[in-house]
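You will see subunit A twice below: alongside subunit B first, and alongside subunit C after that.
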Partner chain A sequence: MNQEQVRQVVLNIISDIAPDEDMTVLKDEVSLREQLDLDSMDFLDIVMELRKRHKVEVPAEDYPKLATMASCVSYLTPKMQ
Partner chain B sequence: MAGQHRIVVTGIGLTAPNGNSLESFRDALLRGVSGVRHTEIRYMGQQVAGLCDFDEFKYQSKKMRRRGTRAGSISIWCANEAIENAKLDWANIDKSRVGVFLGITEHGNVETENEIFEMHQNNLDWKSWSPHHNPRTVANNPAGEVTLNRGITGPHYTLGAACAGGNVGIIAGAQQLILGEVDVALAGGVSESPQTFGIFAAFAAQGALANHEDPTKASRPLCKTRTGIAISEGGAIYVLERLEDALKRGAHIICELAGWAVNSDASDFVNPNPERQVQCMHLALRRAGMQPSDIDVVNMHATGTGAGDIAESAGVREAFVESSKTYVNFTKGHIGHAMGAAGSLELAGNIPSLVDGWVHPGIGTVELDPDCAIPNLVLHTPVKCNVKTILNNSFGMLGINSALIVKRYES
Partner chain C sequence: MAHDAIIIGAGMSGLAAGIRLAMFGKKVVILEKHSIPGGLNSYYQRRNFEEGGVRPFDVGLHALTNFIKKGEKGKPFSKLLKQLRLSWDDFKLHPQTHSVIHFPEAQLKFSNDFELLESEVHQRFPHQKDAFAKLATVVREFNELDLSLGYQSTRAKLATVIADPLLLEMLLAPLLIYGSAWEDDMDFAQFVIMFKSLYFEGFARPEGGVRRILKLLIDKYAENGGELRYRSSVARILTENGKAVGVKLDNGEELRATHIFSSIGLPETAMRVDEGHFATQPRVGKMTFLESIFVFDKKPTDDATIVFYNNASTYAYRPATHYYDSASAVVCLPDNYERQNTAGEGTVRVTYMANYRQWADLVRTDYDAKKDEVAESAKALIKKIFPTYDAHLRFTDVFSPTTIERYTWHKDGTVYGSIDKTRDGRTPVENLFIIGTDQGFLGIIGAMLSGISMANLHGLMEAPQ
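What follows is the complex of A and B.
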């Protein structure tokens, strides 16, 4: 997957986890938690969905790398080749 | 019954397979409208069930619905409707003096089955198990979701009472008011059981699962050709208050709780014991200071199983042998068996008779089982009667019996 495709994967997962949020105004460089009503359980859900849908494992020590959309894409793209 | 405190109902919120408000539910009961339909059950295929179609997102965000459970969603709908119906001054009410007490038959089966199914879809990867599983399956989940939704900081818990749960939830709420633990009790029962395969399969294994090519004819209580239970979801939550509190705030009083009883068969896991059922009804009457002839309507549990119907019919005949005026009806022909919600839903469906004077009929009984013949049984068409009192039966597995009596409020 290229970076745009990975971005879409993350976007789809967050849209399912936070269905009340408007994802069209998401800023990639800003913390997801600052822009969206996401808590720690939601991030666990994101990790879980990455595992179930795309067989990508995110170890606990790497959770901070999911802080922004941009960091998600940077971190996940090599894992989704 | 309540010592120095009289306990009254000042609001009712509900969802049933044939109505999402007391008015629409009552109308369906009087017109004989069934809410049982076909549904797909995992592994088993098409089955009959009573399913509700309330708007899950009227009182709850999509995110909170996703995080919670169907039972929680049903509870939130019912609680919000009840609060609105009671016209409570919610902005100024002391939320630490509000409690939530909900009867359930079971809770957690749905989520556990879903997680196991998902794990199988993921090659038994146990790490695919959801972090939400525990908060979804703790037994207090349905009541706890109501407190999260409405900012209630008083006590909340569920009452595991099998299919007597709906009555037991109301009784628990009344007891908490009498004890002074709360000033407002949101009390009743809920069921999400049609979402779980296991309950269908278990009733099928018992030979007690209803079926019919026309789902509206599947639930046939007291019928010679009944096939078993039509499993349903639903809920009914009551706002209960001490009479003096209700009067002080000028609340409309729907009815008064007159007496109740809960006892145990201590005889079998599944099969009922009519002797204990009679004892339960008589105890409720005694606590209400009433004779059998003081009861105008008995709403039977009447599940549509041979063992249950015949035992309860014998029990009701014996308990009311001295009364020639008591009418008897049942509700599961309309809505199936709403499990933990059954008691509170079925009582709610009869409460308007205290005002409109119509006893709703039982439906679905094509040919009355002679062993279930009861004097003044109301079948197929409503009966007009000056209803002042209702006794509501709800019984459950492991031999739990409950009888709850309500009466028209008179100052």
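What follows is the complex of A and C.
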């Protein structure tokens, strides 16, 4: 997958977890938590969905790398080749 | 074949934990002792001789706490919806009209709008206006979900904020009776959970009562591939080298799993593990109740949803000394939620604090006579609180602490569980976890959040195999 496809994967997961959020105004460089109603339980769901849908493992020590959309894409793209 | 997880009990916490684990591909089985789900929040029906058919009744649920409006975010209910992938609309919530804290010296109304309680306090206790505002701030800023918290006395903490003892008793009464396992006091973290869920957020009733919630949970669990077995009573929890490895059912069948989540209570769980694992047996809570259910030929004339009645200036929250204590009661009018039918029969439920030991020791004939006495007392209370309600009684049912014990599995009919809680769900036995009442989140929403958070923490966050 390229970076744009990985971004779409993350977007799809977040819109399934938090269906009421407006994803069109999301700023890639700003923390997801600041922009969306996501808590630590929701981040667990992002990790679990990545495992379930794309067989990608995110160990607990790497959770901070999912803080922004940009950091998600740069962290996940090499894992999704 | 071994399961990833066995969940004991198909109540709110067990079903919620089951959904979370099944959602992420775990092989899960829920074992329920009874032929219907719900545990402490279940249902039954009785023939309706007047009109044919049956009358459905709920047990446990008076009201769903933690009410939110559609789209509200960052609240316990909204977290639950996201975690279980349910929609707000599925619950078909009817908000309460208002509820009343009814003491001889004063009455305080509250609703799903905190401003009503604020203005009532300002009016009746003008000298406590600032104190009440300070209390609201303390509650708002407290992180009650911190799993590392130990027991803190609510009365000790409140005494430093609220100087008027009557106001303190009035504010405490609904919170104690809707969730405290401790006598006359409660853990401060639980006080905060209850304050937020009753006074900040409020009550609602799902259309159709507890059945609607249970159906939502069971359907979602099945949709995710979870297995649910009724009439499956767990006799023993099996251990090997200090680790839980499975369960043995009453019929001798053994099931094995890497994780076991028990919603049957901490003492009830410890009793099913071989001796030596628990250093001390967890204590059984003493708070248990009696409930009288009346069906009248018309709806109540008063529009309150729940009345928290007390006939003294202090509120005694402890087991009754003599079978039941009619000095205080919760009077619940399940017809008084907004947008419900106004025609047809009316239901009133009256809950008293009770004494388990005395009810358990009664022989059958005395037991029935004692239940009739309770019903008479409860009827007199309804007349006293709602003097203009001149309806005719069509049906009466009373359930006692022994009924609660028989149907919920909770030892001594205790409703809010042990006074020993395990906030992080861990037990001395590896791979055996506690969910529900004895993990320490309260109410129906709390029970579901307990199942969710323990499944997340112990069942999903571990390193992948």
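Just so we're on the same page, the second predicted complex is superposed on the first by the 81 of 81 C-alpha atoms of A that agree within 3 Å, B and C clash if a C-alpha of one lies under 4 Å from a C-alpha of the other, contacts with A are read in each partner's own complex, and residues count from 1 in each chain.
Throughout what follows, a residue touches a chain if its C-beta (ideal position, glycine included) is under 8 Å from a C-beta of that chain, and two chains touch if they have at least 3 such contacts.
All figures in this text were calculated on a predicted structure; none of them were measured in a lab.
Comparing subunit C and subunit B on the residues of subunit A they touch gives the larger count to C. In the superposed model, A:Lys52 makes contact with both subunit B and subunit C.
In the superposition on chain A, A:Ala60 makes contact with subunit C only, while subunit B stays out of contact range. Contacts of A:Asp37 after superposition: both subunit B and subunit C are touched.
Contact with both subunit B and subunit C is seen for A:Ile17 once the two complexes are overlaid on the shared chain. Residues 16-20, 37, 41, 44-45, 48, 51-52 of subunit A touch subunit B in one complex and subunit C in the other. Contacts from subunit C toward subunit A in the complex involve residues 23-25, 71, 73-74, 78-79, 82-83, 85, 87, 452-453, 456, 460-461, 463-464.
Residues 61-63, 66-67, 118, 122, 125, 127-128, 130-132 of subunit B are the ones that touch subunit A when the two sit in their complex.
Interface of subunit A with subunit C (complex): residues 16-20, 37, 39, 41-42, 44-45, 48, 51-52, 57, 59-60.
Against subunit B, in their complex, subunit A makes its touches with residues 16-20, 37, 41, 44-45, 48, 51-52.
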